[in-house]
Amino acid sequence: MKKKLLSTILAVAMTMTALVGCGETKAPAASNDSAESTEASSEAAEVTETAEPVEDVEISFYTTETGKDQMFQDIIADFESKNPGIHVEYIAAGDDQLQQWMALYSSNEGPTVSLMDPINIWENQERMLEYTGMSFVDNIEPSALSTMTFDGKVYAVPQTAAGVGLLYNKAVCDAAVGGDFDPSSIKTRSDLEDLFKKIEATGVDATCFTGVNWSLGSHYLCQAYGAAIGTTEERVAYVNSIIAGETKEIDNDVFNGYMDTFDMMAKYNHNAADPLVGDVNIDAAALAAGECGTWFMGDWAWTFLGPIVTEGQEFGLLPIPHSDDANDPLNQSIATSFAKGYCVDKSQNTEAQQAAGLKFVEYITSDSYAEEQMAKVCGQALPYKNATVEIESPLGLSTANYIANGKTYDFYGTPNLCPSDIWYECGAYMCEYLAGQTDRAELAAKIDEYWSHQEAR
Amino acid sequence: MSKTKKKILFVITLVVLIIFMVPFFILVNNTFKPTGEFIKTPFALPKNFTLENYTVAIDRMNFWKALYNTAFITVLTVVFNMLVGSMTGYFFARKKWKVNKIVFGSFLASMVAPFQVYMIPLVRIYAGKFGLSNNLLMVVYIAVGLNLPFAVFLYKGFTEGIPEELDEAARIDGCGFTRTFFRIIMPLLKPIIITVTVFVAMGVWNDYLMSSLFLTKTHTKTLAIAIKTFLTNHSAEYSPMMAGLLLGILPMLAFYLIGQKYIIEGVVAGSVKG
Amino acid sequence: MAKNFGKKIKNIGIFAGFGLPATIIWASVVLIPFIYGIWITFTDWNGLAIDINYVGVQNYLEVFTDSTFVTAFFKTVIYAFFTVIASNLVGFLLALAVTSGIKGQSFFRTGFFTPNIIGGIILGYIWNFIFSYALTTFGKSIGVEWMSTSWLTHPTRALIALIIVSSWQMSGYLMVIYIAGLTNVPKELLEAAYVDGASGFQVVRRVKLPLIKNSTAICIFLSISRTFMSFDMNLSLTAGGPYKSTELIAYKIYQTAFTSMEFGKGQAQAIVLFVIVAIISLLQVYFTRKGVDEQ
């Protein structure tokens, strides 16, 4: 009997070992112990590590700028060849960037360098290395740093400067104005509406909204918390007063100004028959084919436009005017958004890794090869002082021209101005409004309600 | 049923099947178009017929490595799930002890637990505490565990349909519990083994959420993770993505076609007693 | 006494060999992480933070006072109700058709099952195209107003679209289980019924349906738990839109945990969902058991 028991136990043991033990990797059979040891894992498991020699170090780079794997891998290869001894593990997010980031941190494999949205970096600044005073930060355009700075401390450096506004098809606009269309001639909301009327007179739809939450919620609505409110401090104060319930959106001129423009544009919407179909590829195709004259998007749209435009077509970016004041410089300025920044983790990486990570960040924001690749593939302006690279994308070029002429303003001004889920929550309200299911008072009330659940900035 | 009726029924079923398959026609059709053409005319036949999407998919997805990883995880999961699941199913079917009822009840309850509740804890325990991220065997272990309740549920139901007299006869011949199972019962379980195998294999082969939490490195990615290469922030490169998807499901389709005959057999006996 | 003792040892041995491996694996992969997950619901953890603070039952209180959660729950109930009925009905009818002795039965069985071989995400995108562009083109050409605009931009129609696509996918799965039940119905019984002059419909109602009660119970159990946890299709077909009107509960939970980064609250919502689905499943099992026993 005993023999039998023993053999049974052995058999089980063998099954278990086979389950977890065989194969290439370390730590066999550890999973069976999990039963006892998990309760202790409540304290966030921090690794205590010792510094390794800088010469040979493995770091990881997590990017949430998706669909550009080849570009990043080329850049990494170049970096590795210039920095022997540093090996960079490339990790790309899909469409689930926060979930993957959480999974990596939960695995104690927090990426050494992450390219994340500023709001996410801000929310987790306790994990991030402070850049303040480091030399490579001097290479960043000062105007681009405020989105990455909290309480005077720099935690990230921006990737690209994304221009947000109305994309236009020059041929369509030329035909409408009967000559060479000059984007700087649009100084007010009325000017824009005149242009729209002229475009429509040629039998082409004047403008186009892509009826999706991120475009309407994150890009259109957030303008109402932007430079039109005032300085960064004034913006924060304004948002805080909404959070506290002291101010109502509906009483605010800036909000109403942008919504007036929104209403005007909605009248000329290419997608008016079915405003929420919302597909960037379809809308890009419509703009390229001249089915509509303008499109509310941003210069990143070149990734959709680029492959389908024909030789010789010209495109550019127009600002969104929020008032009828021809002297308001904002009406002629493009909002540039520093949507993603590079941060270095200090909570799960050794000092040697952090040092190598800093090298990588410095490289990717200043090396000419990296800048060239970035400008070519992303087609956007780079907020780096030493960047001389030519941008091929006409949209990125347009943004760069606005920047060169000083006609830009910082979209958010501060990393934490708008919460990380505003695109989803308020984006839904904006979609509802675009579809004509709510009026402005209701929309404003819903946005107020959303803010009331947020913490003061 | 009369012959005319059968013919009418055949035609109706065929029509329904064609409607059922419309999305697949669209899928296959568009893998032969450049992305631009797909966006403009998603429903037309390819104007510029191309196989480029397939080469792009194979190249960018690191296809062969991903295929290997997926097959490795799926095969091992299926084998261990079968072994452990069938033994437990038999045990629960034959020994109605209180402890068994409690365990089986818990298994069933966990079938309705949303995965989100325990997915991050899973990562914190296995990847965080034990440092087993990017370990394919770890993913196998977890996949075996996640699929056990469903497997045991079906195996138990099937075993209950096998007359207990068979066990008695084996015992009289001197077989113990273990030998009875491996010598007498297991061969009879063939249909249900194939059924469970197909269901589990399909689930594991297509699993994205769980494996994406553990497999982050290029050389450990499975097909379902690699396909995400074609997703960009606000859109997707549809054509190569569909080509990659199609390539990825071909092995499963073949597997299902082969197992199909047995599946029906397996479920026949399994579900009715379940 | 000694014999009893020996038997006990033997039983323990059997348990160790046959019951323990599954129990250990399951406990280590499901149970313990699940308990860990419950613990998180009592904290304010955001999924990333180093510091974790206890907040008591705060997260649960918020679940019940959050009107959007309650809305999402009722949407899910509506969705589940229709999807369970539609997919079971279609699955059953398909099973009847492919067990009736028509030509190409196994070909049909494979065809109808195929939607299950592909994961939900991509299928959702393809259906998205169908609803947004194919149906609308067709609708415009025949001048039908409700088909000229995308179903996915209209709250009620988007929910219907979700029900249609989910039923489309699940009915093939359920069909397999119904086929199993149907092929087990004794041939003699059917022949006897026909000899007695029963019509095809009567045979289905009076003979087949009562005899496949077990299959039906399994199918309903599976379809209820699947619909209540439906996530993939919700994400890729409607993404909760238009304006969050098709935000089903599993999707809502995901958004709370991974977009709003209120991880503890998302976990609490998931636990509430678990309890609700468990209760519904228990009731369903109880009533079908009762039905079977009364036979």
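When the chains are written out, they are named A, B and C in that same order, and each has its own residue count from 1.
The rule we apply is simple: a contact is a pair of C-beta atoms (placed from the backbone, for glycine too) under 8 Å apart; a residue touches a chain by one contact, two chains touch by 3 or more.
Every value quoted in this text rests on a predicted model; they were computed, and no experiment measured them.
Under the contact definition stated at the top, the chains bordering both subunit A and subunit C are B.
By C-beta contact pairs, the most connected chain pair is B-C. Separating the centre of subunit A from that of subunit B, both taken as means of CA atoms, is a distance of 36 Å.
Spacing of subunit B relative to subunit C, judged by their CA centroids, is 16 angstrom. Residue positions 84, 120-121, 124-125, 141, 144, 178 of subunit B each touch two or more of the other chains.
Multi-chain contact residues of subunit A, defined as those touching 2 or more other chains: 4, 8, 15, 19, 31, 34, 38, 41, 96, 102, 106, 279. Within subunit C, contacts with two or more other chains are made by residues 14, 17, 21, 25, 28, 32-33, 36, 47, 263. If you check the complex, the residues on subunit B that touch subunit A are 35-36, 39-40, 60, 80, 83-84, 120-121, 123-133, 135-138, 140-141, 144, 176, 178, 212-214, 216-218, 225, 228-235, 237. Across the complex, subunit B is touched by residues 4, 8, 15, 18-20, 22-23, 25-27, 30-31, 34, 37-38, 41, 45, 64-67, 69-70, 89-92, 94-96, 100, 102-104, 106-109, 212, 214, 279-282, 285, 303-304, 307-308 of subunit A. Within the complex formed with subunit A, the residues of subunit C that make contact are 6, 9-10, 12-14, 16-17, 20-21, 24-25, 27-28, 32-33, 36, 39, 46-52, 132, 136, 148-150, 152-153, 239-244, 255, 258-261, 263.
Residues 1, 4-5, 8-9, 11-12, 15-16, 19, 31-32, 34-35, 38, 41-42, 44, 46, 96, 98-99, 101-102, 105-106, 120, 123-124, 126-127, 211, 213, 273-277, 279, 347, 419-421, 424-425, 428-429, 431-432, 435, 437 of subunit A touch subunit C in their complex.
In the complex of the two chains, the subunit C residues touching subunit B come out as 11, 14-15, 17-19, 21-23, 25-26, 28-34, 36-38, 40, 47, 94, 97-98, 100-104, 106, 108-119, 121-123, 125-127, 129-130, 133-134, 137, 168, 172, 176-177, 179-181, 183-184, 200, 212, 214-215, 218, 225, 228-229, 250, 253-254, 257, 263, 266-267, 270-271, 273-274, 277-278, 281.
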